[in-house]
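Below you'll find a set of structures to go through.
In what follows, chain A forms one complex with chain B and a second complex with chain C.
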Partner chain A sequence: MAASAERLRAPLITPLTLVLGLLAAVAAYFVVQRFALGLGAVTNINAGYPWGIWVVIDVVIGSAIGCGGFAMALLIYVFNRGEHSPLMRPALLGGLFGYTLAGAAVLIDLGRWWQFYNLVLPWHMNPNSVMLEIGLCVMLYVVVLWLEFSPAILERLGWTGWQRRIDGIMWLLIALGIVLPFMHQSSLGSALIVLGTKIDPVYQTPFLPLLFVTSALAMGWGVVIAEATTVSHSFRRPSEHRLIVRIARVVGWLLLVWVAGRFVGLMVRGALGGVFAGSAAAATFWVETALALFATAVCLSPAWRRSEPLMLLAGLAIILFGALYRFAAYLVAYHPVGSYSYAPSVPELTVTIGIIALEILLYLSFVKLFPVLHATRRAPAQA
Partner chain B sequence: MHTRREFLTAAGAGGACAAARPAEAAISRPPREMPPAAVGMLIDSTLCIGCQACVAACRDANGVEVEDTPFALAGWNAARTWDTALDLDGRTLNVIKVWRDGTAEVKDRASDGFAFAKRHCLHCVDPSCVSVCPVSAMRKDPETGIVSYDPDACIGCRYCTYGCPFGVPQFDLAVPAGKINKCEMCRHLQAEGRIPACCDVCPTGASLFGPVAALQEEADRRLAAAAGATTTFPRGDIREDRPRHEGVVPAYLQHTFGETEVGGTQVRYLSAVPFANLGLPTLPDFAPSRLSEGIQHTLYRWLAAPVLAVIGVAFLVRRNRIRQARDTGREL
Partner chain C sequence: MADYAVQLAEALGPDPDAPIRRFGTVTRRQLFRFCAGVAATMGLSQAAGVRMAQAAESPARPPVIWLSGQECTGCTESLLRAYHPSLETLILDLISLDYHYVLCSGAGRQATDHKHKVMDEYRGQYVLVTEGGTPMKDGGIYCKSGGKTHVELVREAAAGAAAVIAIGSCASWGGVQSAGPNPTGAVGTHEVIPGTTVINIPGCPPNPYNFLSTVLHLLTFGRPPALDAENRPRFAYGRLIHENCERRPHFDAGRFALEFGDEGHRQGFCLYKIGCKGPETYANCPAIGFGDVGEGSWPVANGAPCFGCTEKGIGFDKPVHALATLRTQTPPSVYPATDAPKGEGLSPGAAALAAGAAGIAIGAGAMLVRDVGRRDKGGEA
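Showing the complex of A and B:
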């Protein structure tokens, strides 16, 4: 894998990166305001909605979108589909920034962030708390991601000694990089179980951990599909379509089983009536189902699979499906005690957009600085 | 007001519980028991006259500033003479809310009536807030059952707010270094041998303090008494002999809210109008933290599953990397 990647020879600063940088700078202004004046000055979270988009989009959805590295590692190293290797580093890099910035978002959102280290002090830990598992597991995973990616940086710097040392423990890093996301991505689902009837029965089920981790995997593959189709276009690299087809087959079946399993689960629990209730939760349920089935149809049909635009759409549909499922479970299906409502404020949205912009900016910079993308014939590139 | 959706939701939840109970019960941890020296409150909505003496006393006893109205009313309350908190928030531990229907003519009547509701922590027997707090900032006293909060431990994640079935713990969002705000049953006063400020000042005994068992006995006495009969109600601490409040037995709903809800609570309610009208949600008897903890501890017992998974996956990774290197003739 290492030998086949090369850095993209393109200017670091382009109009696109300037716009992204500007978005991040505006967000930074509101982040400063949040620390100076309090959460209420910047966000619309309230007594009924203690968690807003900083938790749900930046952390819950953001980390799932960062599952590309996890999903690819599972395919390559556990199911031994080695031919996907060229897609490994780009996916890993996406995960690296997805998770690192999700961690940063947590610090911005925590009301008593200066006591954050209490999470790692054993006498404070509460093993009953799903949140503890998520916190510790994500922290460890961010470290693992940086170590997993470090060969690309070390290769560029020419520090071969360190490269060899990291390579010696790479098998352990890869294993941790597969097991840790299984843990915290499922826990992000478990986190809702304790809310009981505060979560609409269309979404509330003991299978939340399974639904969350499998949809995170699907999102990871969806990101790889979308990334490969767009990156190969925008950077005028030849298509990696053949590799995508294999992933499509896996994710197509996964989504089909996911949708069917969800229906069966609702039936077994006698909650199927809820999806015909005309509620907001029922609406998101159907949109998610439609997105997943569209992606399944494209991924499993040999004819549609050949169309690169359709595959790009399928990849985007999978990401949207998983994102909506998370958004709906945490905010739409959530019934607060009392008549509260929540819509993010403009500054709140700006911070979320800024974090996403920063993620893209860092990604673009890294592929230009370090050997990430699949090496092929030289092509004129711009971005 | 019950919309069709709420009805369906409730029906769905009920059906879901019934159908999935055996499997869920198998994985759930056992329910928590009432602590041996459990203290609590009996709140009788029919006795409450809405004077809000308890709200003022609560602020005094806990050093919380008077809350100004969230509406801009041209500074009429600039001196903060009036406490105008609408609900629990980052600075309000206790609030009296009024529920009205139609013309709101008669107290404690469900149609064209009104009723008062006192809102604060119910000190659950099996509290979700304690279960979810990652850093043990929420703790339940093993003797008295008081659910306390430690700001020095809290990281401000607000999972307790999200998880509490009654929407009680509130983070102060208006200041840069806020903290969670939640009734701790005036444990600082109880440590000095005094009783919670709200119960101490309540003129009618609508907020009554005491051991949970004694309070439940008193609740059962009221429910058993014939509506319309004259009777007396204890005030302050049920074990004290303050002069009792004289009154008439109202047409109680035959249920003490909190006796069974989410595994039981130490603060319990009596009412003549549906409890949902008082902002007390309709809840199953099952504490949901039993299920979440059951699932979590099944997956993570001794960390055995994750450690085994890492070992197993690491083995596969090593083997496949060696094979791939051999097949492709490339370095790893």
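Showing the complex of A and C:
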């Protein structure tokens, strides 16, 4: 955290935060109902679809959107691009809530949530389980994220002694902050491999872990691009576009290799015909490919990537691409045995919307409470 | 049980793993194991297996006269292709095959003379096996050997036989030759020699082990195994193919192949609707298979409907595509649903909420991009 940061001097309560708070409160009502009456009373999940949108949107997509901190740490510390460090704390903050609320969503979604502690008891562990790996890894990563972010809080509180101690182990936290997402983001792909023929051939491949972890990285960078542009614009702060363009070059090439690799994989497995089958899985495949190629074009074209609105659009396209890929792989390309169908219920949707609202609300509150954003010499404006 | 162990130990002798000289490389232990298996197939006790082995090893081998009528030699071929430890050794050494048109080394008058010599010498002791149908029309002139019609040859040999076995569908009731319009008036062996009990081993070809088991039973107990109304051994022809068929669960669940090569056919569904005669044919095909290559080596397993070769009036008579007459239960026209749709559809409220949320997200994104665009231009200006 070499770059100096400052908190945003703006009122905590605005019309936007009030609306977000209201959405979160409605969600809380249904969460209470879920714990009082059970999953069946609130959700539409069934024996064929044990994973609904709570898992797919709140956990699988939510954690990938929270990969900003992971993607930036990789860029700053592994590829030694120190100039990006002004973007580190905001990215970390996004990941902090993405992951913390993903963990909370898992707990809400667990049928017998009171058995949750068994996950950490070694004598109850099944070492061959993909879910065990994801569960332990995400839990540990949430702790690591909070510690990684803690200097911002300690700085505000003025606890310099603790701040020094955390800085002393920061190298370890950053290393863990890169290793852990590699582990569980790839395992989210492995979780589909073990479903075998229940996953459409267009999506089922032994490379799922690689596709999941690399698209999570792309999403992390996409979030940083969109977030940095939005924040600097909304709070009338100096533009970070110079740094964003450098990230865009990396993510552009990554997406290009990703799309090409996916096509080659389909050809090698003889499943390329499936993308012309006219199925729902084929449709999402083409939309994902189109979104990824649009983002690639913007990121790799020197003329286009100079434009801030185009770059913002590319960042949003990358997030949408990664989210759609996850949603499609987990729900659209998933064909359970038997005639099961699934569509989320109103309370189910409300909880997911409320969790997303809470994430945005907490992010907005934290940038106003703690030094997160890159320090600027310009006089702060009202927002 | 203890008695059986003592009996077995005594019968096996001091050196059970030494080859039996008459049987080439076959040891006594192998012979006993084989006979125990045969006894089990026939539903006999373990002790019967020991007695069979002893009978098979006995130097007093009964002579066998094998007559060939209107046939394709498929039954003989099938028998020669059985692989159980030196089966051909067993069948050829266990019995004294004194006359077989295909297998004898001599030919012409020499072979015929030997046959007559054996028939005279062992009168009342030899076993007669007939393969192929017997033409009766026009004095039986449509099948002759050594100047005599097959009718004469069968009657002549049957007169001095201890037992008569008809192998194959042709010998059992006339087989393919007797199919309409039956130009030669072909009939089964039992119609040629009325009054004599003929053990029928129908099949096209029959499973060699059904024949061998019957012969071992005859040798051991001196009488044929339990027979059904068609004089077929009950141990082999006591149950419908339908009862033991591995595709039976598909029949019960209503999953049928409707034509060759369709989705159901490729999935291994029941073949009843494309003419499988399993529901009206008695045989042990699904239980023991063919060719000694393990499970699933019989027509239905390979996707070919049973054509009823062991059943008079079905095989060679009923068209291959005709539906079998169900002797047990008929499939219902409607089955209880096993895959009723489960799960809630998208409610109008949920659809509105999801669409609204997506709309707000897209709208906010679009507004943001527009605003950033304005500032971008403003900044440059």
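Criterion: the second predicted complex is superposed on the first by the 374 of 383 C-alpha atoms of A that agree within 3 Å, B and C clash if a C-alpha of one lies under 4 Å from a C-alpha of the other, contacts with A are read in each partner's own complex, and residues count from 1 in each chain.
Definition applied: a contact is a pair of C-beta atoms (placed from the backbone, for glycine too) under 8 Å apart; a residue touches a chain by one contact, two chains touch by 3 or more.
If you're wondering where the values come from, they're calculated on a predicted model, not measured in any experiment.
In the superposed pair of complexes, A:48 makes contact with chain B and with chain C alike. Applying the stated contact rule after C-alpha superposition, one finds that A:70 touches neither chain B nor chain C.
By the touch criterion defined above, A:338 reaches both chain B and chain C.
Of the two partner chains, chain C is the only one touched by A:308; chain B is not. When both complexes are overlaid on chain A, the residue A:370 reaches neither chain B nor chain C. In the overlay built on the shared chain, the residue A:346 is in contact with chain C alone; chain B does not reach it. In the superposition on chain A, contact of A:97 is made with neither chain B nor chain C. In the superposed model, A:179 lies in contact with chain B only, and not with chain C. Shared contact residues on chain A (touching chain B in one structure, chain C in the other): 46-48, 338. Of all residues in chain B, only 4-5, 8-9, 11-13, 15-16, 18-20, 23-24, 27, 87-90, 128, 130-136, 151-159, 161-167, 170-180, 262, 279, 281-284, 286, 288-289, 291-293, 295-297, 299-300, 306, 309-311, 313-314, 316-318, 320-321, 323-324, 327-328, 330-332 touch chain A in the complex they form.
Residues of chain A that touch chain B in their complex: 1-4, 35-41, 43, 45-48, 50-51, 76-78, 80, 82, 85, 109-116, 118-119, 121, 124-133, 135, 167, 170-172, 174-176, 178-179, 182-183, 186-187, 190-191, 193-198, 200-202, 204, 206, 209, 268-271, 273-274, 277-279, 335-338. Taken in their complex, chain A has these residues touching chain C: 44, 46-49, 229-230, 233, 239, 307-309, 312-313, 316, 338-346, 348-350, 353. Residues 339-347, 349-350, 353-354, 357, 365, 368-373, 375-376, 379 of chain C are the ones touching chain A in the complex.
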